[in-house]
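Here is the structure we will look at.
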Amino acid sequence: MKKLSLPGLLVLVVRRDLVLAMRRRADVLTTLIFFVMVVSLFPLGVGPEMDMLRKMASGVLWVAALLSSMLSLGRLFSADYLDGTLEQMMLAPQSLSMLVLGKMVAHWMVSGLPLVLMAPVLGVQFDMSANALGVLILSLLLGTPILSMVGAIGAALTLGLRGGGVLLSLLVLPLCIPVLIFGTGAVEAISAGLTVVPHMSLLGALLLLALVFTPWVTAQALRISME
Amino acid sequence: MSLDVWMRENPLTYIWLGSYAVAFLVFAVEVAMVIHKRKITLRQVRLMRDAGGEE
Amino acid sequence: MAINWFKYSAPTTFYGLAGKLIPWFAIPAVILCGISLYIGFAVAPVDAQQGEFYRIIFIHVPASILSMFLYMIMAGYAALGLIFNTRLSSMMASAMAPTGALFAFISLWTGALWGKPMWGAWWVWDARLTSELILLFLYLGFIALHASIDDPRRADRASALLAIVGSVNVPIIYFSVKWWNTLHQGSTIKFSGTSMHIAMQQAMFTMLAACWMYAIVMTLMRVRSIILERERHTKWVTELPEVQQ
Amino acid sequence: MQVEGENGSGKTSLLRTLCGLMMPADGKIFWRGEDIKEADEEYYSEMIYLGHLNAIKDELSALENLCISAGVDGLEVDERQALQVLRRLGLKGREALPVKVLSQGQRRRVALSRLLVSDAALWILDEPLAALDVRAVDLMQELIAEHLEKNGMVIFTTHQPLLVPGVELRRLSLS
């Protein structure tokens, strides 16, 4: 019998979660619809002046992305926890961190990537310039994976708790503030005619840090929660 | 604004009422809560012991 | 078996030790607080720029310092508890959290009161105030997570992990907020803008010492309750004089 | 080895502790002379655990479930082999259906199929016979006998009598 290599395992877990998400498409769509709705509510709340909306756009899109990624985090581990699959993952001879990383990647592809793809359409609603839009997409592309990864820690810690969803947001949102700041900062910089390199490199650095540490931390959190 | 004027005329009252009184109130509430918590815990422990003794 | 002895009887001995230590910190805390208020209001002169209002810093600065240090110490204890599985350190961590959160609250409150006469607004999105607010959120998250898990062991371990992640994040948050603030041309008035009079320093440091003592007293008192609660099934608890009566 | 005991006597806890899902309050668990905390990877590649929960996904078919759970165990299973295993467990013709349309007993069989593709020496089974019919119980006995013949070990809990031909079961009673 052939043993599965680590990258093979990663691909397997990602593919599994993607197939599952595809068979339960409603969940993916609700997150996306939530994102679109929150963003569309802002002009209704603050008025239709284009100047103000253009200024707010990056902040609104980022906060909405943050909130909608919170929404889907609760499901990250809970389904696997309830049907016993998570138990099996903990007993797998491979490193749990790798399996967790796979789940994070899949979560991002299901709940983060659609937001990134949707962002240009919403940005146009806010009359963003093409430059700013490009930077916004790039910053979301770098930033949303961090949200999924940091969020996974919270999801693992609140696994199986009552009121887990609200608690999860309470734990994770403060930790996501730097991502929000650098993400929106980049868009503001390009609008002001400045370079976006420092913002992007900081976001990239955060992404690398998250990539290195969060799978392991999440695995530890899962072990604590499953005991 | 009247508060602004009042605040500039009575800075010390403002400081005392606004900051120090609030801070010491917070401390007092915390102390009271901790003492209350200790009382409750002691009562619980006694109840546990009495219940255990009867068994 | 030395380690085992340490592990299992530490809360037992610590309970008595903490009880004996409390008055030794409580009384100096009150005395130092009194001294600080005397120096701060009777000795220290009026500040040329800020008038009487600067006197808020005698409580504001110690509260801010305490809230930050307590978070770090809490994370340290939590890490000890998580790595070495020592129960007492986890209890210490959870005993410190409410005090730290209250200090963060006091710091925010007094900061706002200082801001009103200085900046003309109760709340300014100043880097330090904003980080303090986020710190308060981190405390609340820790407390909420601990409170919502029924099994004490899982609660200790889960919130310990959160505290560690939070403490790694605190510098990143502080840096990002500071950066964000300079980007938006925030307020530039600073406490240390003018050179501090020696009496002002004395008042602040005595208050800082008083706050440390106070925090220690609160932590010890709370940890005693936690020990009693966790160990209520054991024999030594039922044999305590305060339980016997 | 069969673990017996009343409801709540700690059978499941014992099995969960044995596979490292729970930490023992005291003492250590050894596998081939090594603490399982240290022999992490070796132990888990030689052990397979089947709990109360089937650990299968409702949305996936039996075939997909088997391939993925084997993958998580670190094994690559080709389709032909997987189909063979499922057929042996009496799931012929239902391999491609999503598991949510299957009955409880059939789902249990899907969960059991993991045992057949694994080369683990130690099987830890919690109530393997739950929801299984008489024929499946016979099959289970057969499987255990085969596994024992290959010098395997099985630790299981059950409320039903399980007779493995030609083998004296060791019994552990918790009370």
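The first chain written gets the first letter, and so on, giving A, B, C and D; residue counts start at 1 in each chain.
Just so it is clear, contacts are C-beta pairs under 8 Å (C-beta built on N, C-alpha and C of every residue); 3 or more make two chains touch, one makes a residue touch a chain.
Just so you know, these numbers come straight off a predicted model, no measurement behind them.
A.B. asks: Which of the two pairs, A-D or A-C, is linked by more C-beta contacts?
C.D. replies: A-D
A.B. asks: Centroid from C-alpha atoms only, then distance subunit A to subunit D, rounded to Å. What do you get?
C.D. replies: About 36 Å separates the centre of subunit A from that of subunit D.
A.B. asks: Could you grab the centroid distance between subunit A and subunit C? Build each centroid from C-alpha atoms only and quote it in angstrom.
C.D. replies: 32
A.B. asks: Where the CA atoms of subunit B average out and where those of subunit D average out, how many Å apart are those spots?
C.D. replies: Here subunit B and subunit D have centroids separated by 56 Å.
A.B. asks: With chain centres defined as C-alpha means, what is the inter-centre distance between subunit C and subunit D in Å?
C.D. replies: The separation of the two C-alpha centroids amounts to 51 Å.
A.B. asks: So which chains end up touching which?
C.D. replies: A-C, A-D, B-C
A.B. asks: Taking the complex as given, what residues does subunit B use to touch subunit C?
C.D. replies: Those in contact with subunit C are residues 7-8, 11-12, 14-15, 18-20, 22-23, 26-27, 30-31, 34-35, 37-38, 41-42, 44-46, 48-49, 52.
A.B. asks: Of all residues in subunit C, which touch subunit B in the complex?
C.D. replies: Interface residues on subunit C, with respect to subunit B: 37, 41, 51-53, 55-56, 59-60, 63, 98-99, 102, 105-106, 109-110, 113-114, 116-117, 214, 218, 221-222, 224-225, 228-229, 232-233, 237-238, 242-243.
A.B. asks: Name, in rising order, each residue of subunit A that touches subunit C in their complex.
C.D. replies: Answer in residue numbers: 153, 157-158, 161-163, 167, 170-171, 173-175, 177-178, 181-182, 185, 188, 202, 206, 217, 220-221, 224-225, 227.
A.B. asks: With touch defined as at the start, can you tell me which subunit D residues reach subunit A in the complex?
C.D. replies: It comes out as residues 19-23, 41-42, 44-45, 47, 49, 51-60, 64, 68-69, 71-77, 98, 117, 119.
A.B. asks: For subunit C, which residues count as touching subunit A in their complex?
C.D. replies: Counting only subunit C, the residues touching subunit A are 134, 137-138, 140-141, 144-145, 148-149, 153-154, 157-158, 161-162, 165-166, 169, 172-173, 175-177, 179-180, 183.
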